[in-house]
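The chains carry the letters A, B and C, assigned in the order they are written, with residues numbered from 1 in each.
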Amino acid sequence: MPGTVYVVTSGKGGVGKTTTTANLGGAFAKLGRKVALVDADIGLRNLDLVLGLEKRIVYDLVDLVEERCQTRQALIRDRRFHELYLLPASQVKDKEAVTEDQMRVAMRKLAATFDIVLVDSPAGIEHGFRNAIAGADQALVVTTPEVSAIRDADRILGMLGNRRARLVVNRVRPDMVRAGDMLSIEDVKEILGREIVGIVPDDEEIIDTTNRGEPVVLDGSRRLAKIYTAIARRLLGEHVPFANLSDDGLLDRLRRLVIGS
Amino acid sequence: METHGSEEARQPAAMTVGDAIVAAAAEESRTEARVTSEAQAKNEPHAQSGAHAATGANIASPPKPVAHGRPIVITSGKGGVGKTTTTANLGAALADAGQNVVVVDADIGLRNLDVVLGLENRVHRHLLDVIEGKSTLDDALVRDRARRTLNLLPAAQNREKDDVPTDAMLALINDLAVCFDYVLIDSPAGIEKGFRNAIAGAKEAIIVTTPEVSAVRDADRIIGLLPPDIEAKLIVNRVRPALVKKGTMMSVQDVVEILRLELLGVVPDEKDIIIATNRGTPVIDVEGSETGAAFRRIARRLLGENVPIPDMTAPEGFVERLKTSLGLSKSQARRA
Amino acid sequence: MQIKGTKSGLLLHLQERPLASAADELRARLAAQPAFYQGSRAVLLLGSQPAQATELRAIIAALEQYGIVADGAVCDAEELAALARSAGLRLVGASIAAAPRSRDDRTGPRSDAPARGALRGTGSRKHRNGRLATATDETVYVKGTVRSGQSLTSRGNIVVVGDVNAGAELIATGDILVWGVLRGIAHAGAEGDESAKVFALRLEPMQLRIATKVAIAPDETRRKKLARPEVAHLRDGSIASEPATSA
């Protein structure tokens, strides 16, 4: 049974694709799956930075598709997890260095030996994005509850063909939702019309862990780690109820009752 | 469709894309370096833009107009660092200072500049329509109601960046620089065709970054891809002085040390930004916003004024004011 | 079998295939256009497959027949490396194979110009390993910051007066000198010269490579290093660095 290849994409940049890829990958690995993370952002690679593996890169995705190296040479093992590997992008090339066909072949090969493959897509809808989705079976569309991001996510959803697409709503701020300054989860679901598989709150901690190359899932006790684990479990087919994000859950439920949204 | 009242700097009605191409051809040698071989391969014959091109080629051209405007591209590499917000707010601030401004959304297929300015309901024609000769520039430009000298040239939403030949973009920007004092081009994220088109015609670049490793790395890449004749300056956005003090965020100095660009401005992070964006209000219009104040200072610097950049990490008073404007009390700041 | 052209010569992709038939395949391939590669140098990309010395020699001979000089090999296994050496091939670092092509891999309009104000000079290399400087040796001299994603390759030395940022790479067959902060990747002695060195005013590289050895900088916390010129070189088979107080 080949593994599943997910593309993690968004349209809008900066909503948290790379952070999601890294942490979700870590969560899958902690659940005992064999995971490969692929950075498809050739020329603007960041997944290696977020994982703290940038210094260990010798071969990359472009070397692999041009057959300058073998798969095992390009994959970097993240020893902090049980079975988590990174296939980094090249920094000195650009996205035209790889074709969609080459990506399909490469992702097929990875799916043959891994349970889960997560492909970190670049921002936008150009060649790099098309490469990223080329080898993917399913899509995870990351968005934030902001008008611009939702709009771009909507455009992206229309470009994913027949692939199953589910949403991860990132950087949610319950206080702002309450005050009416930010779209609610219900709003997002209604506009985009897809299953939501993760709701991740805005958390200052992420910035620090990203800068230090230590994915937050490393510490299982952290709130964010539990949330990413929940996402992984939902993707694996489990039914996991969503955690209550607001400080005052009662107020939220009352509000919904009263406003009926 | 709006009626335009008596206006000074409106474009002469005869100016079409075809005319602009005639003017641009003379500049070809200077700008040749910017056109990649890919763009040349995809260069569509301008005859395709229909009647306009024919007119442009056959009539005796008016004396070649001098492009006095400043075409500036706002770019970053990394997405989500604030390019569009910067373009919108600088455009608005410059308009407030009496300048004739056009902001150009070069993010074809993923347009957002219209939303940030609250103009999305008034978009009829767009950049691609103008380039393909389906619309005049006049018809495509959306003028801001509150600021009469601020205009938006929207991107197309249902097209792709490959649809725009770089030459045509170049001609369009040159055309705009004839009619406007400032042409601010909002670049898409990335380093692909969208980015290459956005820099076509620009003489200056504003690189926007946040004080984070990934953003700085991407900004560096972008700077390395700019042609040598584009003058580049830096804006560091989303600075959070408290985190810099704590040591968990890079300082502005750290960023400048790596990127080695002249610093145009530093913009602090605020909750107000999201609210303003969602409502389509430029943050410079938000009372008491430090973010808005920073953008106003940057606009003044662009106009040549010597405005010192405040050190955001120093005075206690400033940090306190920042906290208040963020609406953070201790209990809200710490999540359960 | 892939044959790729690069600025420094040909790359023959011979990994993951038995070498026994490679020589014949090569001959057939080259016979189609006998004069095309005349006068080129070639680097063999070998993997870690089992091989015989005779097979390797057959490949080299086949190349010679068509005027191609095989003078380097990239190997992933010790035995194969030893075989290559005894067949007269120099061991080449992975970077040289991965270095950008003369045209296609580059990004953007000015990627051919390393930075503003680049000069090319013909430097003569000191007597090293008995080799005198050849006319093709050069020192690439660059002023300004070398940015993330940019790559400089030199069949000689590289001198940068400025910083080399993370995400940038310098690949030289000779020495590398950075009169600034080296944060990117530097590969000196890329064609096997183990006496090559890397100098920097501040040595904070992502990775250092000398000849075929790779070193990763130790994980450092956010300490500010004193601006202290350092030099990195091979000592007892591994890369070491020390203050650069004298030549």
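The rule we apply is simple: contacts are C-beta pairs under 8 Å (C-beta built on N, C-alpha and C of every residue); 3 or more make two chains touch, one makes a residue touch a chain.
Bear in mind that the values here come from a model prediction, so they are computed numbers and not experimental data.
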Most distant chain from chain C, judged by the mean position of its C-alpha atoms: B
Chain pair with the most C-beta contacts: A-B
Between chain C and chain B, distance of the C-alpha-averaged centres to the nearest whole Å: 41
Cα-centroid distance, chain A relative to chain C, in whole angstrom: 36
Intercentroid distance (Cα basis), chain B paired with chain A, Å: 29
Residues of chain C whose C-beta touches two or more other chains: 107-108, 148-150, 166-168
Shared-contact residues (touching 2 or more other chains) in chain A: 43, 91, 94
Multi-chain contact sites of chain B, meaning residues that touch two or more partners: 191, 217-218, 221
Residues of chain B touching chain C in the complex: 33-36, 191, 196, 217-218, 220-221, 223-228, 247, 258, 260
Complex interface listing, chain A residues touching chain C: 43, 45, 54-59, 62-63, 66-70, 73, 91-94, 97
Parts of chain A lying in touch with chain B, wherever the complex brings them together: 11-15, 18, 43-44, 46, 49-50, 91, 94-95, 122-128, 146-148, 151-152, 155, 175-176, 181-183, 201, 203-204, 207-208, 210-211, 223, 247
Chain C residues touching chain B - in the complex, by the definition given at the top: 107-111, 113, 116, 145-150, 162-163, 165-168, 183, 222
Chain C residues touching chain A - in the complex, by the definition given at the top: 2, 4, 11, 13, 15-16, 45, 47, 76, 94, 97-98, 100, 104-105, 107-108, 148-151, 166-169, 206-207, 214, 216-217
